[in-house]
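Labels run A, B, C, D, E and F following the written order; every chain starts at residue 1.
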Amino acid sequence: MDVQGILVAGGTLGAVGAVAASVLAAASRAFRVDEDPRIGQVTEALPGANCGGCGYPGCSGYAAAVVAGKAAPDLCAPGGAGAVRRIGAILGIAIEEKVRMVAVVRCGGGHQACPTRFHYAGVRNCKAVTLLTEGGSKGCPDACEGLGDCVEACLFDAIHMGPDGLPIVDRERCTACGQCVKACPKGVMVLEPCTARVTVACHTRLAAREVRKVCSAGCISCRQCVKVCPYEALAMKGNLPVFDHSRCVSCGLCIDACKPGTMAARVTPDPAVREQALARQAERKAEEAARKAAASPAPAGDAS
Amino acid sequence: MDAVAYLQLVFWAMFVNNFVLAQFLGICPFLGVSRKVDSALGMAAAVIFVMVLASVITFLLYGAVLVPLSLQYLQTILFILVIAALVQFVEMAIRKFSPSLFQALGIYLPLITTNCAVLGASLLAIKKEFDFMEALVFSLGSALGFGMVLVLFAAIRERLALLRDTPRAFRGMPIALLTAGILSLAFLGFSGIVKV
Amino acid sequence: MARRTFRGGVHPEEHKDRTAGRSVETMPLPGRVVLPLRQHLGAPAKAVVKVGQRVAEGEVVAEAGGYVSAPIHAPIAGEVTAIARHRHPGGFTTDAVVIEAREAPPADAPEGASWPPEPVRMPPLDPDRASPEDLRNRVRDAGIVGLGGATFPTHVKLAPPPEKPVDTLVINGAECEPYLTCDHRVMLEETDLVVDGIRILRRILGVDRVLVGIEDNKPDAIDRLSAAFAGDPAVSVQACRVKYPQGAEKQLIRALTGRVVPAPPGLPMDVGVVVQNVATAAAVSRAVRQGIPLIERVVTVSGPSIAEPKNLRVRIGTPLADLVASCGGLTSPPGRVVMGGPMMGVAQVDLEVPVVKGSSGFLFLPAPSEEELWPGPCLRCGRCVDICPLGLAPAIIAWHLEAGDLDGAERLHVRDCMECGSCAWVCPADRYLVQWFRIAKARLHERNNQHR
Amino acid sequence: MPKELRYVVVLTLIAGGSAGLLALVHDATREPIAASRKARTLQALQAVLPEFDNVPTDERVVVGAADPSAPTDSEANRLPVVFMARKGGQVTGGAVQVIHPRGYGGPVKVLVGLEGDPAGTVRVRGYRFLEHKETPGLGTKALEPPFARQFEGFEVPREPLKVKKDGGTVDAITGATITSRVVAESISEAARLFREHGGRGTPGAGTPGTAPAGQADPGQQDPVPGGGHE
Amino acid sequence: MSETTSTGEDRRLFVGPSPHLRDRDSIPSVMRWVVLALLPAVAVSLWFFGLEAARVHVIAVAGCLAVEWACLRWLRTPGSIRDGSALVTGLLLAMNLPPTTPWWMILVGSVVAIFLAKHVFGGLGSNLFNPALTARVFLLVAWPAQMTTWLRPGVRGLVDAATLDTMTGATPLGLLKEGRLSEIAASSMDLFVGQVGGSLGEVSAAALLLGGLVLLARRVITWEIPATFLGTVVAVTGAVWVFGGPQHGTPWFHLVSGGLMLGAFFMATDMVTSPMTFRGRLIFGVGCGLLTAVIRLWGGYPEGVSFAILLMNAVTPLIDRMVPTPFGRGVPKAKEAA
Amino acid sequence: MSERTALQELGKGVWAENPLLVMVLGMCPSLAVTTTLANGLGMGAAVIFVLTCSNVVISMLRRVIPSAVRIPAFIVVIASFVTMVDLVMEGFLPDLHRSLGVFIPLIVVNCIILARAEAFASKNSVWKSALDGIGMGVGFTLAITVLGGIRELLGNGTLLGMPVLGRGFQAHAALVMILPPGGFLTLGLLMAAMQARKGR
């Protein structure tokens, strides 16, 4: 059989192939749909978590918005710098990178420190408690309820409930998508730059006097942290100290100074930084003393 | 064959010898496009359309081209070529005329090409030596059966998705497969009702 | 008379016998009252008094904060000692005016001023002569809000927009919540006021048909009102089946008129009906005929932990602790204290809350059982679906919510839920269904606000 | 339209080329395939037939085919076939392929080997399922000793065989009566066809397989040739 | 809660959402009623099959409870061994087995029921398929011979393999399937009372009916499923009997033989795996009845109840999508506030 | 995606990207033919052959084929190899050919093959495509052999036809395992086991 057989087979299938290809060719003409191919590319560049943190419905929605120029290319927190770079490459634009943020728990009032006002019988959900009674179940109206709405909300499994009923953020996993911030009815979760290793674990609106009544870990406005900071990274705003993150070097001296333990280390401070800070503190003390000493005669101050 | 026989053939193809649960054809789209009832309905419609059309075309090509030329050994390659082209054609058409359906079916339309059910229906119709009407009815029944379990399964999976207590190890594909297993166990109840 | 009713509903144990037969006792005037500025739906009232100011009983201490709002009057004479945030028995915190009774007149009072001063009253109106407009303004100025629990300002309901003509007034004497008997007692003891109030309301609305719906576990009230309206063809007193929530307005309208109020934002007005509670009617009569503003109400104090369950006539603002004292104190520490009925009432954190216009009762109930504290998994028994008076599918909505699917819940109309509690009551797994729906409604509300 | 033209050219070439290549492979495998098919038939026949020195596949009758000795492929597949075995020209037996339409999982194609003379006593020599969907481990027990042994050398009576449940003599397999029935009835039918067509080389006139004569209870148990598809 | 002290000093109130009253039914009480309602049928099975029946009941219940305990412990799915659901499953599994079922098969059945059909899905309330029936069908398909070996009623002692053959008989439905309806010795009264071969729960329609009525009276189950299920079977088999001939069996025969009563009152009504709406339950019951009749009349298996219920379990999620129209949504819409 | 070494390219299909257990592709043959260990092996071998050859050819043709007719073109290539396997197997391994039945032609539509053609071969060099094909094929084969082994053992009491656990066990083999439900259930449990291991 042979050549003829081969030709018949080849010819037959070739003909069918030709017909199929022609139909497809015609169809691709007739049914042309124009879509910016970059939308697909951008979608691929995104992590595909569909977390909605960007404010668009799903990653592809965001991709369409970015390509259309309706959204900034750096809104995807989970994608991080990598995604921004890739999107920039696809769209041919240069984008500067942002400081990575991370979620932080601004409350130290766990079950022990800040007991509840009543026994709660209901859905184990923070939002539920705050709807039931304004201020929630804790003594402090701003305390963490500890029922884990933030844990539920995190799509990246970055939050776990600690033993004392306070959430603990896994800083490696957190993508700063902000879902926990949205979910927390008590405003406990906030995003801070990941360089900030020390935070104020309290955000109460109560006055110091009332704080003492309801919570042993809350800020009592004693100002010790502000005083001890050698870099002037802390200042009181209302009842609470506030960080200037650009100044804080995370030496942790304020942690030692804080009696209730409101100042909390999210990452253990580096001992070297601490040494430096202590030195700086000593220096400043000396300066202070010197200034005081020099105050009365007032000679030309040696600037340093 | 009379009308009753055709009905029996449809029943057989849908229930007794269901493509997915008894014949293991088209499992990938069955697992892939069954997360939402709406997309399952779309997929079911697409498969029914493609499957019947493909069976008819391949049946005719087989009888009119391959048999006279003694090229039966080309049936696989010819059938799949026709199916692939057909699917792509349908895909382009849907994309043009119903972008919403296209969105919903998304990446699954091309999956029909690699849906063994479509090729399977074409091949089985030849293997079982059906005549034209039988082949048509058989492919329709098979496609309906596929669509039916797809939709059933999609409703089941929508419910599975609402379950919060499924142990971690079983979430997703394992539970879907185990459900399909129990479903196919239940479908064994149809065995013996009609023999074809 | 056919017993009228609606679809769905449940039959909780009534627990009414401990107070149903006890006539209303008037409590002595409290030494101190707390008047939250949000005692009604709508805009909070605005305080018009200052700390240190002396006020007479019936004097306005806060004026309406808008059209949908109501003024608040001093229930006792005394000195305004504070205007500060105070816990409201509704589960929130709000600004409140605190008035303390004083033994002697203030130092700067004019010579010879007596203390306490004469109560302030509005001039009486003759309901047959006064225009509907005047009558309605009187209802407004008297600070009357719905006493059936919803506390919607009554004058607003009495002014339906012209495109929604009202042809029927429904009077709600169902009192379907277990334990509560205050409306029952009002119907028995203040029949004249209720009847008169109904006539006034009818005149304001200009309707020819009044239907009074009373559950048939109160045959004495049905008889009393039927007799009072005998010969008045416009008013018909109807017995309704004992079933919770017979008193919910949509259900009552369905039972009495057969009309179906459209789903939210549909209102009774959409089917030509206005619903008012019997106690509201009595309050209207007082305000019109005697010029007395809404400064007191009847409250049922009951529950297993209370020594002498009672129906008390109480001044608004009276601290809850005073009520307990009037009822002989507590026999055992209660597990739960609830304002309102057990099905829809609000649990209290402690007893430091005042009686407000919407307080129909205070119940001292045992602590929840273990099963109630730790609900089981949903059995999908469908009981909740069968009995939801609004025809919702509570369990299915709750699955969506537990799985974090707010949109799914919205598609299933979670917003329609009136939080009657029937579904959670009937659930064999004791699931917190209603609470899930509250969360959902709050989240949907937040989401909508965000989008604006 | 150069772009579209390119589609056509590429696809045509690939399709044509593939088919050409396949033609070559087909050519090369044709012989082995034919050989292996034939070998399998013969192997199956050998297993159930008494000794023979002819080529039974060449001496067959396809009952009901338009031309019983030269049937089409599909006829040979669908219809009962009688193969004759001879030794020294003498009929020693035959093998009959019947299709029982009511197996547990659908039609069963059974090859029954018979020994003896079509005109005299006919004994069973063995049987095989050629195509079946009986349940492995249950229905297939019908091919294994305890059940199969009762047919070794079994003299097939002229009246139809029945399992005990149907009031006959054959011991059925517990839990697989249906398959047992298939075997019993197929043997009966095979013997009938063998008696009718054996030794003649041509089918009996007027006995197309579609309406076999001599059935005791056609509604209940007729292994109708071509009654099912497989 | 850790703060609750035993000294009585803790005067904090409980604060929770309304309602603050609950119906007295709880999961354990519901399950207790099912067990109670099954007792008459259990007693009948013990009467007819003696020690063999007791053996099956004990192994099935113990097996299910043991697997339940293990699953709760290792998979941490919700539920508690004390909620009684595993006990019900165990009893119903036993009722679905022939009295001679080997012990190891019963244990495999327990694992299939409790692990595969229940806890894999998330435990009580989450399963899609009726656990006891999944196990029964699994065993039936896995070991068809053992699962269709029926002891004659009245054999009270334990049976060993050697004597087994002399003590077996066919079930009425098995005979029907083989076209030997006339050989059914049992009178229709025997069928009703249970003087026939079959699974433990297939024998006495009367005892099951009694239990079913208890469940209905106690409102553990609602009438829709049993009524439509039984009604459809009667209607379909009746029609076939009238038009197709007596060899298909009378509707009464179908009503009182096989597992129909057990299925209609105890298994199709399993709330977890049946629809939640009134209309849904009607559809479910009709579907079960239709499938049962079709499988009994034309299928390869003599009994169709278990398959029918399992198949309808699979359709339940689809049925449950048809939620009722909420009050006030069927009428012309009020003007939607934007 | 960083460059992979040849070994990684080969190895990924076996575990991390196992086409059956991880990517859930090629389900039909995996479930249908795995009633015995031998079937699994045979099907596996056929798939390795087709996958490797088609990967190579498609990778060679990847610059020639316009994307609009990409799918038909790929599938024709695949179908050719499948038909070859079919013909060769029928000629030389008739028994295996019979037991694999209609699933040999259906290798054409085995999603794994087209998926690899699309996702890998059409984007990578010939050499890498070959490695990918072999790796994926081996991964698939391993998975279906395990599946076939379990099902044959539990469903028939044998392995490769031998009653490894004794005749007593064989007599009580669970039929359901070699019926369709057994396929779904075994694969489901296998995947759950994989997921449980990964979860640790």
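Just so we're on the same page, a contact is a pair of C-beta atoms (placed from the backbone, for glycine too) under 8 Å apart; a residue touches a chain by one contact, two chains touch by 3 or more.
Not measured: the values here are computed from a predicted model.
Novice: Using C-alpha centres only, name the chain that sits farthest from chain C.
Specialist: D
Novice: Using mean Cα positions as chain centres, tell me which chain lies farthest from chain E.
Specialist: A
Novice: I'd like to verify one number: the distance from the centre of chain A to the centre of chain F, where each centre is the average of its C-alpha atoms, in whole angstrom.
Specialist: Computed value for the inter-centroid distance: 44 Å.
Novice: How big is the gap, in whole Å, between where the Cα atoms of chain A centre and where those of chain E centre?
Specialist: Taking the mean C-alpha position of each chain, the two centres sit 52 Å apart.
Novice: Where the CA atoms of chain C average out and where those of chain E average out, how many Å apart are those spots?
Specialist: Each chain reduced to its C-alpha mean, chain C and chain E end up 48 Å apart.
Novice: Residues touching two or more other chains, restricted to chain F: which are they?
Specialist: In chain F, the residues touching two or more other chains are 68-69, 72, 76, 79-80, 83, 87, 175-176, 179, 181, 185, 192.
Novice: Would you mind listing the residues of chain D that make contact with two or more other chains?
Specialist: In chain D, residues 7, 10-11, 14-15, 18-19, 22, 26, 104, 135, 138 touch at least two other chains, as defined above.
Novice: Where does chain A touch two or more other chains at once, residue-wise?
Specialist: 8-9, 12-13, 16-17, 20-21, 24-25, 28, 117-119, 121-123, 128, 132-133
Novice: By the document's touch rule, what are all the touching chain pairs in this structure?
Specialist: Here the touching pairs of chains are A-B, A-C, A-D, A-E, A-F, B-C, B-D, B-E, B-F, C-E, D-E, D-F, E-F.
Novice: Okay, in this complex, where on chain C does chain A touch?
Specialist: Residues 91-93, 347, 349-350, 367-368, 372-373, 404, 432, 435-436, 438-439, 442-443.
Novice: Which residues of chain E touch chain C once you look at their complex with the stated criterion?
Specialist: 11, 13-23, 25-27, 29-30, 78-79, 83, 122-126, 222, 271-278, 280-281, 320, 323-337
Novice: Can you name the residues of chain A that touch chain B in the complex?
Specialist: It is residues 8-9, 12-13, 16-17, 20-21, 23-24, 27-28, 30-33 of chain A that touch chain B.
Novice: Within the complex, which stretch of chain F touches chain E?
Specialist: On the chain F side, the touching residues are 172, 174-177, 179, 181, 185, 192.
Novice: Quick one: in the complex, what on chain F touches chain A?
Specialist: Touching chain A from chain F are residues 68-69, 72, 76.
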